[in-house]
Structures are given as structure tokens and as C-alpha cells.
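Structures follow.
Next come two complexes, and both contain chain A; in the first it sits with chain B, in the second with chain C.
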Partner chain A sequence: MTAMELVLALALLAIIALKASMVLTSANEAQQQDSAIMALEDQARRALDQIAYAVMGSDRDSLIPDPESPIFSTSLRYSISLGVEDGEVVWDDPEEIGLSLDESQVIWRKNPGTAEELRVAWCNVVRPFLEGEIPNGTDDNGNGIVDENGLSFVVERDAVTIRLSVQRPGPQNQPISETVSTMVTVRN
Partner chain B sequence: MTSNSTRCHRPNHLHGKRAGGALVLALVSVVTVAGLTAAFLQLSTAVSRRQAHMRDKMQAFYMAEAGLAEAWAAVQIKKSGNVGTEEDPALYGDGLFWVEATDMGGRLIQLESTGMVGSATAVLSLVVEEGLETVADLGVYSPTSLDLPPGTFLDGYDSRLGYKDGGALRLTSDEDLEKLLEEFLQQMEGSELGGLSGPLGASAPRGDRGGGTPSPPPPGDDPLELPPAPEPVVVEDEFAGRIASGGGITVNGTVELPTVIQGDLVPSPQDTVSMNGTVSVTGSTDPAADDVELPAIEVPVLNTLAACMHSGSAPLLMLPTEAHLPSLEVAQGSEVIVQGPATLVIDSLTLAAGARLYLDTTEGEVTIYVTTAASFAENAQVLNSTEDPANLSLNISAQPAEPIGLPAGAPIHGVIYAPDAELTVPPGFELFGSLVAQQVTFAAPPRLHFDENLAEVARERALPSLFSWRIVELENALLGPGANDPFVRLGVNRAALLPPARVHEDNPLDITYEDNGGLIQNYAGPESAFDWSQVRKPKALSRGGEKVIGEEDLKAVTAPTIDPLAKAVDDPAKNSSDVRDLLLAATPISKDALLASIHREPEMNSSHLKDVLEANAPLNDQIMLEALRNSTMSSSDLKSVLLTMSPGLSAQVLMAAAAYLAPSDLLSVQGAQ
Partner chain C sequence: MLIRTPVARRVASGRHPSRAGITLLEAVLAIGVMTVAVGLFSSMVVSTSRQRSSNHEYPVASEAVRTLLEGMRNQEFAQVFAQYNDNPQDDPGGPGSAPGHRFAIEGLDPLPTSPDGFVAEVFFPTFVPVGETVQLREDVQEASLGMPRDLSGDSIIDAEDHADDYVLLPVRVEVDWSGRYGARHLEIYTMLTEFRK
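This part shows the complex of A and B:
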């Protein structure tokens, strides 16, 4: 093989390798992006399900606050039923689900504001405002609520609508967001 | 020169060697890609698995809720609430469930439902409170014989629609009435008769439920001016009163004081109704199928306040409360107002002459329990602000030696229940609602109006209600055999499982029913051995000794039977003439058959329909209005039918006729009134 042939072969090989690596890189990035979105959605769903199951078993009369649309609340205090004893419903200690001080976490608290308070973070990547919403005094995302935060509760009779938007930096450092919502009926 | 010289010679040191890095590069690339793929698969599999678990958990949750719904429905019809077992669960969709019922006492039943779908298991617990058996739907009832004096009046009504003197009435919709009025006015303005004065003018008020009586018109000069419109009545209602007894019922009436019973008289299964003198009974006098057992009054235990004795002109206001009073005495001419919602347990209740007990039920019901003694002056008043009997109940659990005289100073709208006391009904007594007592003595003819809405309320209150609900468990199975298959986890054969309706716990059934042959049959035994397909109509049904339905329920909820003649009218094989002949041969025919002939598709010939309507005169307003709206009936045929029933046509029919009759025909009809 002459030197020319070798150089030519190496050049071709380099081009092919470059193309292959570009494809691999793109695929890798896409895969990472999709994985990040899937993971974020999974995280949001799990947090939402936890909130929903907690609210379902609560006493309607114990919900604090009691916001009606277009008013929302970023926290909800409630008590769930532990069962019936001697003909009376036994209620658990009060619990509260809401945002942390920096509004980036969903915090579940038991006996909030007391010495026996227990805290667990259910989600760490909450958006400051719900996806599509900006703090301008109008309902930008058309859901009937004005300037709602990343976590919002709206109570209407026995139904509680829970909305959660989460956001984290993606693999390429651009933010990725996911919004989940559900409406549950308070059973008690 | 030989050919060898043209050959390309390899250097000797390269002979036998295969040099080159392409394979290595290819291998490296493949390994890299494989590694990336494996990592991606692992990540996505983990996420997919987690999402599948979340989905299974949600589905298991709803599976458990389905189990609770199945058990709840069972408890409503007096079944135990047990649905399947862990060894023999119910098959439902892709999963299974079973429900365990536990009697907690105090009318509470715990239902614990386990639902399994995929890898998840959900256990939900629901505590239901059994419904209250009420007596409000009994009407006027006494376990002992009843003797109705001459002049007694009984009818029925629906408090949701209002009561009108002379019988319960139901009105058309306001839109129908307004349309008729507008059409009539337009027709009259364009006709020779000119405009109208009086209540049929533009300023006439619309009829509405319970009121809206137009004022009578000033005398007019036009001899054809229509008479003043009475209450906007369209349809004769079929509400009926009810008087029942655990013994016989004797009804007395005289020419001066006839007794009118617009409803049913129901003696005990072993007794009968005796009627003496001028007595009119529109309903049934058949004996009851079963004896009635009056439930005991469960007096709640409440905080005790001081005894209350009120006198003076200013009324005493009691705010909404639940309290026990040793006594409540309202002096002569004084008034006590009790705001609902309120529950009062009063040991001794006394209303002096002219005293007023005003129960403000606007915001909620008022329930009063009298446990020791009750004394009401004859002209004392017990008033219900909403006049809805369902909002006021007076429960007398006292067992006095002497009869208790009821107050008659004003009509009572409520439910009076005294299962152990004898009540005396004084002169002038009028009741809207229900009266049940151990013994009822009528010192004078009463006016009794049974509220059929109470039957509806009683049925609702008899249903169980939710007391408590909670999630007991909501988990995914760990790895292992059957981690994703609930049937394997439980060790059951899916093919052998039955649907939920067939795995309810067997209950002892006691049923009286009409079979497909029209015979009355009885069955008592396990429900699993009973063939429901032979039941045409149940008469009475109980499970485990608890009544599910009785005769009074059947009367209200049994679907109306369709007149076979009405079905025959709709036979498309028959022409108009055949239908006319059929109906004329069966005259008089039912309302259903008349309506069927008016609404028949294809429509009947106008003259044929006219013949049928004339043969069945007099017709009620509903039939007449439907006939007027029939598009094929000619004006002359309508006129002929209306003249057959003249004079005596209602203003409603006359107004409607104006919209459908030619002016000359309308003049003829109006002239005949």
C-alpha cells in the first residue's frame, strides 16, 4: 500500500468514524433526554399519587384551607381516618402537604408546627409556578387559576384538584418540565 | 520479459501476515454501542417497571373499590356484605377481589376489600352505618283498631309540589302555560272577538306551583268573554293518603258529615274495613300482607341543660342545638322558637292554651323526643316554618297512663310517632305528614294529608350510609414467584373463579312473590337454592330476618303496567279503521290506550280518532290537551269532541282550543260553555 493509499484510507476511516460518533452522540443525547423526561415524569407521578392517596382518606371537614377556584392553596392540612372504635371514627394526627420555604420541594408534615413534627420531602424539583403560568395576575395556562404555584390545591365540594409541575436541568443543561394533575374525591 | 515482471511483488516480510486495524475498530464500536444499548435498556426497563408498578397499584386500588361497591350494594339489600373469600375470590377484569364484612355493632358494618392486579395489592376499609327504619311512610297507623268518625277527610299530596285545597294538584310546566296564553292572546287579538280583559290579558300572572291565583276580572260587556281562569290545573294527580291498622278499620259517615278517603285503608292481614253510612273511599281496602312491627325509639344521650319554663309576650329563641331538657313548658299565649338543625330530648313537654312552639326548619331538621310526659292544650300550636313534614319529627317515647291530646290550634306539618302512647285527636285537628301511635282515638273528624314525599325520604334513610373510609394497604409485591400474577400469588385457578355477583355469601331468604303463572308463592330457605327466574313480581322480601321490601315499597316503586290495548294500538299492521273498531269495542278504555291512539304512528284518521274520543267522554284535561295538539285532527272534529264534553271545559282546555280551532268552531265551543 502506498502512502497515498494509506492516507486516503485513514481519511475515509476518520470521516466514517466521525459520522458514527456523531450518530452515537446524538442517539446518546436523545436517549439521555428521553430518560430524563421519563424519570422526571415518574418522579412527578409518584409524588402526585402519594398526595392523592393521602387526601382521599381525609375528612372533608378537616381540610384547611378550603379554597374554591380561582383561589388555590399551596398547602393542604387534613386528617385521615384510622378506623372506627366504639362507634366513633378515630382520626389520625393532623398532616399537611405543602411547599418548602424556597418553594422547590413538596413537604409532607405530621403534627405540623408542634414539637412532634415529622417531615418528609416527597419531591425536590418543584417549579416556582405551574407550567405555562407566569406571575402576571392573569390565567396564562387557561386552567381557571391565576398565578398558581408549582403545587396547587383547589377544593370544590368533595373534590380536590391537585396540580404539580416539576423541573430540572436536562442533560444539555436546558430545563425540562413535566406537569401532572389529578382530581380526587375526599371519601370521608 | 516474462509475466512475472508485471506482477506486484509483496515485500517478503509481509508474506503470511494479515495486517490492519479495521476489525479492531469495528469490534470496539460494536462493544461500545452494545454497552450503551444495554445501559439504556436497563434504565428504561427500570423506569418501565416502576411505571408498571404504579399502574398496577392504581388498578389494584380501583379493584378494591369495586369490591367495596359490590359489598355496599349487598348490604343495601340486607345481604351480609361478604363477597368471595381469599381462597375463592371474585374474578373481575384482569384481577380479583374479595370482601370481608364484620358486624361492629351499633348498626355499623365494616367492609374490608382486598383487590389484586398485576404486582399490586390494595386493601380498603369502609365502615357503613345501616339505614334507619322509619315509620313516616306508614301514613296514619296504629297497631290497634281504628275508628274513623263521620266527617273524616284523608288525602295524599307531595310536599315538593305543594298542597292545594280540594285535592293534590300537579301543574304543567310554566313554559307550556305561557305558550298557550300567548297563542290564545294572539288569536283573540286577530279575531272578531277582539282583545281581552281580565285575567287573560297581558297582565295576567302566570301560574306557578302552589300559588299564582289570578284575580277575578271586572265584569265585562263582551258576552263571549271567557270566565275567569281558576288555578292553573292541568292534570289530576294520583297522590293517595294511607290509613293502616294492626286491627280492623271502621269508617263512619253521615249525610251531614260524609267521610272522604282519597287513598287506601289497610287493615291487618286478619281484619277488614267496615264502612257505615256515607263513606267514599277511592283507594284500596285490601288487608296488609304482613303485620307491621313498630321500631323502638332510640333516644340519643345529649348534654343536659336547665329546665325551661317560658311565659310572656316575647318569644324565646333557641338556637340550633342538641340538648336534653328536663322540661320545656310554654305558658299560655307564649311562644318558643326552635331553630334547626336541632335535636331536643325533653322529659316533660307542656304547651298551655294558646301556646306556640314554632320550629324554624329553614336551615335544618328539628327532631324532638319526649320521654316522660307530654301535655298539649287543644288550641296550642306546633308550627313548622317550611311546612315540609320531613323536617319535623315528634317522637314520644313516653308511656303515660292517660291519653295524650294532640294540639289542634294550627295544622301540624310533621311526623308524629308514639309507639307506646295513646293519642287523642281533638276537634279541628289537621295533619300534613304522618301519625303513628299505639292507639289513636278521634274525638272529632280530622283532616289528614299524607305526604308521599315521606315515603321517598323513608326509603332514602333506610339505605346504609358511609361512616368511615380508609386505605389499609397499598403495596407492590416483592420479587418472587407470582410477583406479577395475583392468581399465582394466591394459588387460585383463574378459570375456576366466578364473577362478583355469584360469590356473595349465601343468605336465608324469605320471599312472597307472584310467579310467572300469576300464582302467589312463598319460599323460605337459602338464597342460593332459589330460582329468581320464576319471580314475576315480588310481594314481600326479607333476608336474614330483615325486611328488604314490603308492600308499601312495592306500591311506590313497581313500574306501571302498560295497558295491552295501548300496545295493540301501536301495531303497525292495523290501519286506522281497525284501531278505531278495536277501541270502540273495548270502550271505556284506559288513559294509556287513549294516549296511544292520539300519538299513534302512523296517525289515526281524524274522524276515527274523534269517534274514539267521543265514545270515551268525559275526558280529563291531559287527554284533551294531547288531542288538541294532534296535528291530524281537523278543527271540526276537535269541535265535535269538545262539544261532547260541554259545558264544563276547563279554562286551560279552552285556551288551548283557541290555538287549534278555527274561529267559527271556537265560537261554537265557547258558546256551549
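This part shows the complex of A and C:
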């Protein structure tokens, strides 16, 4: 093998190795991005299901506040039925789901505002505003409500529509967002 | 220990004493092996990505159906059948004013055979007599909906139209969409009744 052949062979090998490395790197990045998006969506959906199942067992008359579209609320207070005793419905202590003061967490509270208050954070990556919405006084994302926060409740008849947008840094440090929504009918 | 490659063995045996190197055939074979390996790896990456996307479609469909069923529960129970059947003439707010029986779901593409570009359809135990409109019937033979069954609460299964006096309403929602791996199908069943305090 001459020196020229050796140089050519090494150059070809280097090019092929570089290309293969680029393919591997980009595939790895894409996989990491996909995994991060799926994990974030799972997190959002878990929080949404927790909120939905909590609201589902509540009494329509116990919902506070009682927003009607296009007005929304970032918190919802409700009471859950524990069953019937001596012909009377027995209600559990009031609960509330809403945003934390810095609007980045979904907080569930039992006996809110009392000495016995119990607080649990259900999600801590809430976006300041719902995906596609900016604080400009108009309905940017076309969902019928204006300047809604990352967590919003809209009540219509016996149904509560819950929307949640979450965001966190992705594998390449660019922010990734996911939005989930559902509607539940209060059962009691 | 000395390991001799085929080329080295040929040189050592004196069959090709003039040149020691990689033959064109060996180079072609090496490139071929590498191409196959890269091809396999690429197809695995693409396949994994498509599988993830395909797995994402079912939660989207089931969440949309859940929202649709919750929307049905939010209607006046006595009007649910009229609101969601395939007869626009009986819509409570006037012909064509109700949601109807077919729906689009954001994120799911309709099948090429979809007549209206929608992916979801609501089914009730119905029967359409010749020359008449759709009827809600107790005598429909449809095991998936738990039929035949008494829907009016009179303990009798008859052949009358119970669109105006049902107390139970079996519902099936079917979703057919064009997924990454072809046609996909989802069915969800439930039984609606009126909540009374």
C-alpha cells in the first residue's frame, strides 16, 4: 500500500466515521427530545387526571367560584360527597385546587384558609399562560377564553373544563411545552 | 501469537508475491457490510420514532372520547338521544342544531373512506323502519351494548320507539383514524342515566 493509498483510505474512513457519528448524535438527540416530551406529557396528564377525578365527585352547588365562559378561574373550591346517612348527604371538608402564589405549581388544599389546612403540590412546572396565549387582552389560542393562565377552569352547566399547560427545559435546554385539557361532569 | 489475514496468507504462500493490500472485492464487501449496518440502524431509529408516535394516538383518541361522553352527560338527559343521533330533524333546537353523531378529533387524521372527514361516531341501539326515521329500540340485538334491554324502566322489552321515555341509554363511541401504521380503531361503551339527588 502506498502512502497515497493510505492517506486516501484514512480520509475515507474519517469521513465515514464522522458521518456515522453525526447520525448517531442526531438520533440520540431526537430520542432524548421525544422522551422528554413524552415524560412531560405524562406528567401533565397525571396532574390533569388527579384534578378531573377530584372535581368529578363534587357537588355542582359547592363549586366556588362559579365561572362561566369566557371568564375563567385559576382555582376551584369544592366539596365531595362521602355518602348518605339518615337520608342526608354527608359532605367532606372543603378542598381547593389552584395555582401557587408564583403561578408555577398546581396546589391541592384541604380545609383551605384554616389552621388545619393540608397542602400538596400536584405539579410544579406550570406555564405562566396557557400555550399559545400571551397577556394582550385577546384570545390568541382561539379557545374562547382570554389571557388564561397555565391552569384554568371553566364551568358550564354541570361540566368543568380543565386546561393545563406545562413547560420545562428540554435536553438541549430549549423549553418544551405540553398542553392537556379535559371536561368532567360533576356527579353529585 | 501471529495472526495472518487472508491477504497475508496469500503473500506468505507466494501466490501473490507482487502486491499486498486490500482488493477491490474486499473493499466492496466492507462498504456493503457497513451500508447494511447503517441501514439497519437508521430503520431501527425511524421505526422507534414511528412506534412512539403511534402509541401517542390511542391516549389522544381515548381522551377525546372521554370528553365527548362527559359532554353528553352535561346535556339534559332526556335530550341526549336527540342531540347525538344521526337524524338532524329531531334536534331539540331545530333541524341541524345539535352536535350530531360524527366528530373530528384534533391530532387524528380521518381514513380515506371517511365520508365527511370526521373520525368519531356515536351509536345507540336504534332501528330504522322502512319509510320512517331512526327509533331508539329495546329489541335491538346488539350484545356489545347490552341489548336487548328494558330502556324505559317498565320491565318490558318491546318493539316501540323509546326516544321520548328512556331512563337508560347505552352508548358506543367508535373512532377510526389513519395512524402511522395504517388504519386504527377504538371502541368505548358506556351506559348513561340521569343523576338524581
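Here is the rule we use: the second predicted complex is superposed on the first by the 180 of 188 C-alpha atoms of A that agree within 3 Å, B and C clash if a C-alpha of one lies under 4 Å from a C-alpha of the other, contacts with A are read in each partner's own complex, and residues count from 1 in each chain.
What we mean here is this: a contact is a pair of C-beta atoms (placed from the backbone, for glycine too) under 8 Å apart; a residue touches a chain by one contact, two chains touch by 3 or more.
Source: prediction; values computed, not measured.
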Which of chain B and chain C A:Arg45 touches, first, second, both or neither: both
Partner chain in contact with A:Thr185 - chain B first, chain C second, else both or neither: second
Partner chain(s) touched by A:Gln31 [first = chain B, second = chain C, both, neither]: both
Partner chain(s) touched by A:Ala20 [first = chain B, second = chain C, both, neither]: both
Touching partner for A:Val106 - first (chain B), second (chain C), both, neither: neither
Partner chain in contact with A:Val84 - chain B first, chain C second, else both or neither: first
Chain B/chain C common contact set on chain A: 20, 27, 31, 38, 45, 89, 187-188
Chain B-facing residues of chain A, complex: 13, 17, 20, 24, 27-28, 31, 35, 38-39, 42, 45-46, 49, 53, 56-57, 80-84, 87, 89, 187-188
Chain A to chain C touching residues, read off their complex: 1, 5, 9, 16, 20, 23, 27, 30-31, 34, 38, 41, 45, 89, 156-159, 180-185, 187-188
Chain C to chain A touching residues, read off their complex: 20-22, 34, 38, 41-42, 45, 48-49, 52, 56, 59, 63, 66-67, 70-71, 73-74, 195, 197
Touch list for chain B against partner chain A, complex: 22, 25, 29, 32-33, 36, 40, 43-44, 47, 50-51, 54, 57-58, 61, 104-106, 108, 110, 125, 127, 466-471, 474
